[in-house]
Structures are given as C-alpha cells and as structure tokens.
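I am attaching a structure below and will ask some questions about it afterwards.
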Amino acid sequence: MPAFETLLSPVILFFVLGVVAAAARSDLSVPEPLAKALSLYLMAAIGLKGGVQVAKAGFTPQLLQASLAGMLLSFALPLLAFALLRAFARLDRLNAGAVAAHYGSVSIVTFVTASDALTRAGMAPAGYMVAVMALMETPAVITGLLLARGSGTLTGGQRGKLLREVLLNGSVVLLLGSFLIGLAIGEQRFEAVAPVFVTGFTGLLCLFLLDMGLIAMRRLRESRALSWRMAALGIALPLVNGAIGLAVAALLGLDPGTGAALAMLATSASYIAVPAAVRMALPDADPGIYLSMSLAVTFPFNILVGIPLVLQLGPAVLG
Amino acid sequence: MIQTFKRKRIDILVDAPLCDWLIEQAGEAGIAHHSLLPVHSGLGRTGAWRDDDGYGAVPKRMFVVVTNEQKVEALIERIAPDIERYGLVITIFDVEVIRGERF
Amino acid sequence: MIQTFKRKRIDILVDAPLCDWLIEQAGEAGIAHHSLLPVHSGLGRTGAWRDDDGYGAVPKRMFVVVTNEQKVEALIERIAPDIERYGLVITIFDVEVIRGERF
Amino acid sequence: MPAFETLLSPVILFFVLGVVAAAARSDLSVPEPLAKALSLYLMAAIGLKGGVQVAKAGFTPQLLQASLAGMLLSFALPLLAFALLRAFARLDRLNAGAVAAHYGSVSIVTFVTASDALTRAGMAPAGYMVAVMALMETPAVITGLLLARGSGTLTGGQRGKLLREVLLNGSVVLLLGSFLIGLAIGEQRFEAVAPVFVTGFTGLLCLFLLDMGLIAMRRLRESRALSWRMAALGIALPLVNGAIGLAVAALLGLDPGTGAALAMLATSASYIAVPAAVRMALPDADPGIYLSMSLAVTFPFNILVGIPLVLQLGPAVLG
Amino acid sequence: MIQTFKRKRIDILVDAPLCDWLIEQAGEAGIAHHSLLPVHSGLGRTGAWRDDDGYGAVPKRMFVVVTNEQKVEALIERIAPDIERYGLVITIFDVEVIRGERF
Amino acid sequence: MPAFETLLSPVILFFVLGVVAAAARSDLSVPEPLAKALSLYLMAAIGLKGGVQVAKAGFTPQLLQASLAGMLLSFALPLLAFALLRAFARLDRLNAGAVAAHYGSVSIVTFVTASDALTRAGMAPAGYMVAVMALMETPAVITGLLLARGSGTLTGGQRGKLLREVLLNGSVVLLLGSFLIGLAIGEQRFEAVAPVFVTGFTGLLCLFLLDMGLIAMRRLRESRALSWRMAALGIALPLVNGAIGLAVAALLGLDPGTGAALAMLATSASYIAVPAAVRMALPDADPGIYLSMSLAVTFPFNILVGIPLVLQLGPAVLG
C-alpha cells in the first residue's frame, strides 16, 4: 500500500511523535534556535539542489510555464478561499482576507516532505520547482490584503514597507539565493557540499518534523478561536486547492512528480512568512484564527493525508 | 554624592513583528534610543505562547526605554489608538538616572 | 492626555522547574496573565549559575505580572511560606498602565 | 591496554578538554540551545538504532527480563544509596532521599559513551538496552521521594502531577518514541536517515562531551555544599551499584556487551531528568548537594574510570 | 498581611565584555548577588546592534540587583567615572521586597 | 581563471548571498546560538585535522620555525599598522593602538576559507598551521595595548586579568585543545569522527559564511564612525601585512600552500577574540572603528580578493 508506506517513513513518524508528545503534554521541546537552524538548512539545501538540477537539465519552457502558473495560482487561490471563508466559516471580511492569504501561499516544510516522499517513490520533481515555490510565497499576501481592506486603505509608505517585507522575506531570499548558487556552481562543485546538503537531509528533516508536530499540536490546544466550521475548511481548502493545482499541472503537461509537487504547493498553507506579514499589515485580524487553521489543521492534514493522496493521484492523473 | 535625575522608564510587551512599527512610533515621539529584551513565554486572554513555538506572529519582546515624561506622553499619545488591537502591555514607572542630559 | 491608572508590577526571579507552580499560585490569587523573561546568569548565596549550564534545577526565569494591589497581596499571601525555601527574589513596584480595566 | 585505549578516544579527550578549560577558567562555553540540540539528537539516534536492532533481532525473552530487571534496579538501588547517605555522608532524611533518587536513575550520556566504547571494542550491547534505559529513568524518583518524605505527605493532586512529570518527561518520551519508530521502520527504511543518526554520531558526541566537561567542572567549582564524605560516596555509590548491576546481568545470563551496558546504567546517576523532578517535588532539598554529587563527581568518575573498568569486567564476568 | 520592606532595584544595561568588571565593582560596593538578563537588540547613539551579530564587543546584558539605598549609592559612586565611557544605561527605582534581611 | 574559480565556490557565494541580503535589508538572519555552534565546530574540526596531520607527518623543524615566525609577526605587525593608522587615518594614539591589535591578530574564518580553497587547488597547508594560528591570536593584543597606553598605565591586577583573558580565550583553548587531541589520537582513531569533522566541513562552512556576510554588511551599514581614510587602510593593511607574511614564508622556505596560509594569517584581522579583549582593556577606544575596519572592510576584502590573490601568488613566489 503506497499510502501506508508513506506514513511509515521516519520523517512522518517523527511528526506523529511530536503530535503525540504535545497531546500528552510532555515537556519535550525543540529549542527555538535549533528549529530556526534546521529551517535555514532545509531552505539552503533545497535551493542548492534545485539550482544544481536546473544547471544540469538546462532552462526549459516548462520552467517558465510552471513559474507563471505558480504565481498565478498564488494570486488567484485566495479569491476562492475568501469566498468560502465568508460563506461557510462566517468570517468577517478582515479575517477572511487574512486567512485567504495563507492558503494562497505555500508551506516550505510540506513541499520538502512531499518532495522527499516523491523522490523515494521514483518520481523526483523537477529542480525548478524550488524556484516556483519561492515565487509562490508572496503574491497571495497581496491578494489577501486587498480582499481584507481594499486597495485604498494602504498609504504609499505602508505599501512600500509591505512589499519589501514580502519580497525580501528571509525565506524567499535564502531559497532564491541558494537556487542561484546551485545554478552557478553546477553539479561538480556541488560535490564538496553534498554530504551536508544531500546526505544529511532526510535525517535532519526528521528532527524538524518532530518540532513541527509539537508546535502544531500545541497550537491546536491553544486554539480557542477555532470553530468547527473553520476546522472543516482547514481540510476542505487544501483538497480544493490541490485539485486545482493538479488540473493546472495536467494542463501544462507536467510529469507526475513535478505535477504532484505543484499540487502540494497549491494545497499547502503558509505558517511562517505570511503570518508575520499579516500580523504587521492587518493587526486587527486574529492570529488565533489564521495560525490555527494553517498550522494546526491544514499542515498536519497535508502531512498525514495530503502527501499520500498526491502520491497516488500524481501518476494516476499525470502519468 | 553623585547627582541623580528623575526620569521615566517605559516597558512595552509587544509582538516581535510589530517591533519595527513601535520603534518608528518612538522615533516620531522623539525617542531615538531603546533596547529590546527577549521574552520566554506568556499567558494572556488569547492563550499561552512560548518563544519555542518559533513560527508566525506570536513571539514577544519587551521594549525598554529610559526617557523623560514628555516623550513618554508623546509616545503614548501616538500609539493610543493601537494599544488595544495590538495587544500591547505597557508599564510606565519613575526611575532615577545618572546622566540626566542623555535621557 | 491619555488617562493612566496606578497598578503594581511584580517581578519574581524563580527557578525554571518551579514556574508551573508559580503560575498556578498566581492563578489561584486571581492573576490570569503573566510573562516570563529568560535570565542569562546570576550569583547568589548558593553560588554562581548560568543558563548555559543547561542541566538540572538551576536555570531561572523572571516572572513578570502587571496587576492591581489586591491581587499582588493575594499572591504574596499564598506564596509567603515558600519564598525562602524556593529562593524567590521578589520585587514589587508602582507602575502606570493605560488600559486600567485589563490589569 | 584496553583501559588506556578507551581514554585515548576523541570522545573522552573532548570531555577532558572541557574539564581542563573550565578548571583554568577559560571562557570557552557551549551555547545552551546547542547542548539541548545535541541531546535531542543523541536520544533520537540511540532510540532509533535500538528500535531498528530489535526489529531485526525480534523480541526475545531477554528483552523482557532485562526490562523488568532494569525497573527493579531503579526502584531498589535508592534504598541502599539512602542508607549509605544517611550513615556515611550524614545527610538528613530529605537530602538523602533526594540524592538517592538520582543514583537509582540513569545518565543517558554515560550510557551512550559506554555503548560507543563497547561497540568499538566489539561488544555492542543489544538494541533493547535503550528501552531498558528509558524504563530505568523514573522508578527511582518514586522511591527517592518516599524515602525523603513518606508517602503520606503527597496530596493526590501533587502525586498525579509528579507522575506526569516523571512519565512524560521529554527524554523518556523521545527515547521510547524513537525506539518505537525504529521498530516500525526496520533496517531498510532506516537507511535514508542513517547518515545523520549513525555516521555522524561519534563526532557529535565529542561536542556534547566537551560541553559536559565544562559543565561538570563549573559545577564542581561552585560546589560549596559538597563535603568530602559526599564526594567519597559520589565514587563509592557507582562502584557498588555497578557491581550489583553486573551481578544481575550475570544472573540473567546476558552477553558481555549487554551486561556491561546494564552495569553502566546501574552505575550512572541522573543529572537532567531527576534534578528537575526533585526540585519540584522536594523544594527544601539542596540542589547544590544532588547536582554536585551526580554531575560533578559521579559523572566524570564514570566517564574516566567506570567505562574502562566495565570494558574489562564485562567480558571477565560475563564472557 | 505579609510585611514588605522598601529597597532599591538598579538595572544597568552593560556591554557583555564589561560584565565581569561590573560584577567586581558591585562586589566591592558590598553587593554580593545579582542577575543578568539577556538583551535582544538595541539602538543608541552608536547605532543599532543585535544579539545575532554575535561577534566582538557589541552584545549587551541587563544587570539587575535588588539591594538597599546605601549599597546602590556606593556602587554608583564607584562606577561614576566610567559610566559615560562604558556607555552604561542605569535606572534606579523603589521596590518593595519581602525578605528585608536578604537585600 | 583560478581567481574566478575561487569566487565560484559555494562557500564564497554564500558569503556574497549574506552580503546582498543584508544590503537589501532582508530580514534573513542566522540565530546567534547557531553561529556560535558553527564556530565551535569549525575550530574543533580544524584543530583535530591539524593535529592528526602532525601526528602523521611528525614534528619538523619547520613547525617550530613557523610557530616562532607567526608569534613574531603577531607581535610586530601592529607596529607598522599603528604608524599608518596615526599618519594616514589620523586616529589618536588610543584608537590607533586598538585597531593595530586587530590587524596583528588573525581571523579564524579567513584562515579556514583560505585553507579550504588551497586544499581544493591541490596546495593543502601543513597541519601545524592551525597551531601557528592559535599562537598568533594573542601576542598582537599586548603590542596594541602598549601602543595605546604605554605599559605604565596597567596595574598588576589588570595585567593579570588581561593576560588570562587573552591566553585562556575560548577559541585559543579550543583550537590548541583539539590540535592536541588530534595529535594524541592519530589518523586511525580519527576515522570514527571524520564524517562529522571532515566530510561535513565545507557544507557547514557555507552556512557560517552566509552568517558572516550578513554580519559584515550589517556592521558596514551601522558604521557611522568609518571615514574613507580608515576604509582605505582596511584594504591597504591586509595587502601590506600579506606581503610581509609571504616574504617571511619565502625566508623560511615554506611550501606554497603552507606559505600562502601564513600570508593569509598575516593578512587577516581578528573580529572575535580581540574586540572583546580590547573592549575590556581599552574601554575608551571606539568599537565602531575597530569592528568596522576589521569586520566590515578587511574581512570581505580578504574573502573576495585576498584569497584569490594568495592562490595565485603562493605558487608564484614560493613554488
């Protein structure tokens, strides 16, 4: 059973361990600097690997197509999410816009975990998907803010500051920077650093997901603002967005692995870059809502259900 | 005996992503200098949080300023409309300082 | 001029493993909210310690609460028998706050 | 000379470097989050490896026997320690109980360093010993508390909280959790994470022991409460407990490596999990006493003398 | 009602490499105990700094002492000539403590 | 083009990424404990490797000669720097002495990056150069202080404390300690830890240099005290000192790699150990000057220009 197989990977099991430990209120915790170190490492590693792969494969029209499609998805997905959040979860305009921004953007860890599983299943996504992910991180924030407040309410200074926050966000810079470094050095010069960035990758990902399990569950426990309608959307939105992502992948004629990765990007919701930007730009929106939905509902759902699903659907739809 | 001067200290608990905004407001209230202390964890109306959570909007800092009464008032005046929605926890208290001209 | 209210701030240096106990005591004294600051190192009757030691009972936190006088008194009353043996270092001081109803 | 050989390992020499640096009051220090990161890593690594080995070897009656023996030792060893602490070190009931709890429990780092040395000497302990260690961490706390205060003095609420603290302690959860993950994934799926959890192990252990050397020596310098009688017991107790552990191993018919590991568990004293529990449950006991004895006396003694000793005695007694 | 005592708290922002010097000065002023809090970042006349810079002379600590007025004065007296050049930011304020004999 | 080649290494490109990110005011940052962890790791790794190499190659007269030459350089280079800082940069006695101390001492990261590049170019420096580096860290502080204040102004107590700070500085202790450990264990016992300390080295160096790029650029941005004359000397001094270092290497008849490494040590300026010592001993000197010159000007210059230059000049002069 491939789905069951995915769940038996050490990466996923460490996530489950984190969830269980936090649910049992164990005092197990991952110090914040270690979590931050691991995420810097993961971003540098996937950026580099993606760049090296593109250096090898060369620029293809699909790289451009996927980039454009990714950015479009990031701009557009919040629209549908917004409508559902208003109608079904009964959120006000402000909070619906704030949440929508998260669902248009992406979760790097979800992508990385999915790539790892796809690669292990013999469907490694194309290297350029890392760049696509970096490009998808931020457009959704713009749509989300416009939905929440209308364009008129931002002064020029605020808009500039927000754009800077969103474009020069640390993870965007590190992902794209490492991607360019990978491009520049190519496969041969990459060898000297491969032991750290390739060989060590899956093991370190285990520790990172242990932390994510702890954090997601702790957040769920502190989620006073989360209604069952919001929780339900936290599961429905990734399914809807993932289906759209898969359809776009089919339209572009992407191979199964690459298309599955695009679907996972559409499916996933940001819980690092976007919350910080939204807290700044929409201070009246309730962080308890958007963090709980993306981090405590959608993220675990994607790790435990979304990835196995896409591993099945990818080859079925795109194979 | 070394002379001391009466000044105010203002300590503000503030979300890390709002620090830049607060620093800017302080600057416009004439407060050019400050320090930020890390905060380990906390419990408020919106539940518990801890620095280890590491993600999203939650971590807090303690913004600490030593200055005179007028500047404290100017800062409070400026940020008053946002105190509630930004969830700022503000304490102001009397302190003695040594270098009166600096603060 | 924005109105301010007189409240108390209580800062308690406490061993990290005793934080849960202190939070519980505060809760029973009617103090629902607090913040904890990290402490880097210190020197007391029992010698020097530092956060880097990382093991066992030693690291400390600074428990910070803004509240009214009655609640401070209720908390002190509750923990009085344990202050000495738990090695708590407590300072209470007058502060002004903005949102009087919150604290 | 095997004993001398053990001391020449980089792991032990980094411990010595830490001790020397702290003794010379160098400002060399290991940041606390790194120390915590390394200990999370070590626990995940040994848990995983133990589980994978048991997945391979299958459940044996000895697994059960050793687990039961370990728990019994953890419950019982504090009794003897308590008597000696009262009679020889002249501690009051309270402090004697507090210290006794530490000596019934175990030091993970001592175990890991010993396993490393045993493996290098061709006597790798059985994988299940990791589970035995996790099971030995906490029973001693219960005995220690009963000795210190009598059972009557704990209210039901306090007892429940203490039990939770002791059972859901982060290191117990991570060790047993990783052990179960190792069991579930088995040898083949472990390969993807082996570069981090196996290949990197000894090198990272060096950095960890550098930190332990610094900490143990700094603690010794700050040990105002430590009398020579306590220091002497800090050396006598591990010898006595280790001999008991070895005898139990012989009774169970364990192989030399596994038996030596059980002896090291009996020998070692906790300085992470137990001090935190004891500080909470016995706030009147003096941390200066129990931390100094376990961390500043017994731990270095075990690393520098206990491990070489057990490397000799293991095959001699159990071979 | 538990009795409280009037004491002073002195908080000093100080460069990390100067902590040992400050602790020594405090010791000679009769102040045997202290705590040091970490500081995350700051902005002063000499520009912005942050703990993350990690190198050189920049990181700061907050030296916190609870003690009586005479000892505070003795400490200030001792360090007065160095306050300016060491860039110390000192605040002294009145606090109530519980165990009067300790501080 | 070897020079261009050097710049294309991932290590250097991550440094450039850090510089660019900080220049663009991205919020990318490396948590301080990670930076400290990486620097502990790098020092332990190069210490060990150096020691193992000397264990293999044996003690040679050149080891002694290079050690003496290094210490002499460290004592003497501040004199020339002091003269130039007074005359050209118009610094007062105090600040000129403070800055001079930095230029006589060494930058560990510059040395490590240069060694990495030299090794890749087939000119690995001799193992003992690590010990030479450790010996060069501190003499310059003494010269710098004497220049700044004259010997009379230090009381005996202050002098003792300063000497301790300078000799027992964490990096000196860790470098020499690891070197001795490497010497003691030799090549065979080193194998168990080689995966961490050798295989992982270049990859982790990338992350470290990413951080250094961020820090150097942030420091440059905050450098209000930096005049163009100081900045010019921040480039001229490494050139002058490097030339002197190369000349000494030629005199000693060192091989190209070892000589190039000695030149890089002369070239580089301290920004970790010396600033802390100087802040303590010369509190009236302006940290804005010495940190900006060594960290924000000389360090990047050495990484981007100094290392490629020495890769060319080393074989040309010493080959």
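In order of appearance the chains are A, B, C, D, E and F, and numbering begins at 1 in each one.
Simple rule for what comes next: a contact is a pair of C-beta atoms (placed from the backbone, for glycine too) under 8 Å apart; a residue touches a chain by one contact, two chains touch by 3 or more.
Predicted model, so just to flag it, every value in this text is computed and none were measured.
A.B. asks: Determine the set of chains touching chain C that also touch chain F.
C.D. replies: Common contact partners of chain C and chain F, which must touch each of the two, are D, E.
A.B. asks: Answer with same or different: of all residue numbers used at the interface between chain B and chain E, are over half used by both copies?
C.D. replies: Different: when the shared numbers are divided by all numbers used, the fraction is under half.
A.B. asks: Please identify the chain with the largest separation between its CA centroid and the CA centroid of chain C.
C.D. replies: Ranked by distance of C-alpha centres from chain C, the top chain is F.
A.B. asks: If you average the CA atoms of chain B and of chain D, how far apart do the two points sit, in angstrom?
C.D. replies: Spacing between the chain centres: roughly 45 Å.
A.B. asks: Approximately how many whole Å separate the CA-defined centres of chain E and chain F?
C.D. replies: 34
A.B. asks: How many angstrom lie between the centres of chain A and chain F, each centre taken as the mean Cα position?
C.D. replies: 40
A.B. asks: Using mean CA coordinates as chain centres, what's the gap between chain B and chain C in Å?
C.D. replies: The separation of the two C-alpha centroids amounts to 19 Å.
A.B. asks: Would you please write down the residue numbers of chain B that are in contact with two or more other chains?
C.D. replies: 37-38, 93-94
A.B. asks: What residues in chain A touch two or more of the other chains?
C.D. replies: 29-34, 36-37, 195, 200
A.B. asks: Which pairs of chains touch each other in this structure?
C.D. replies: All chain pairs meeting the touch criterion are A-B, A-D, A-F, B-C, B-E, C-D, C-E, D-F, E-F.
A.B. asks: Across the complex, what residues on chain B touch chain A?
C.D. replies: 15, 17-18, 20-21, 46-58, 82, 85-86
A.B. asks: Considering only the defined contacts, which chain F positions touch chain D in the complex?
C.D. replies: Chain F reaches chain D through residues 31-34, 36-37, 40-41, 44, 48, 164-165, 168-170, 173-174, 177-178, 181, 184-185, 189-190, 192-197, 200.
A.B. asks: So in the complex, the part of chain E that touches chain B is made up of which residues?
C.D. replies: Interface residues on the chain E side: 13, 37-45, 60, 62, 73, 76-77, 80, 83-84, 89-94.
A.B. asks: Which residues of chain B touch chain E once you look at their complex with the stated criterion?
C.D. replies: Checking each residue of chain B against chain E gives 1-2, 4, 7, 9, 23, 32-38, 61, 66, 93-99.
A.B. asks: Report the residues of chain F in contact with chain E in the complex, numbered from low to high.
C.D. replies: Listed in rising order, the residues are 29-32, 35-36, 211, 215, 218-219, 222-225, 271-272, 275-280, 283-284, 287-288, 291, 295.
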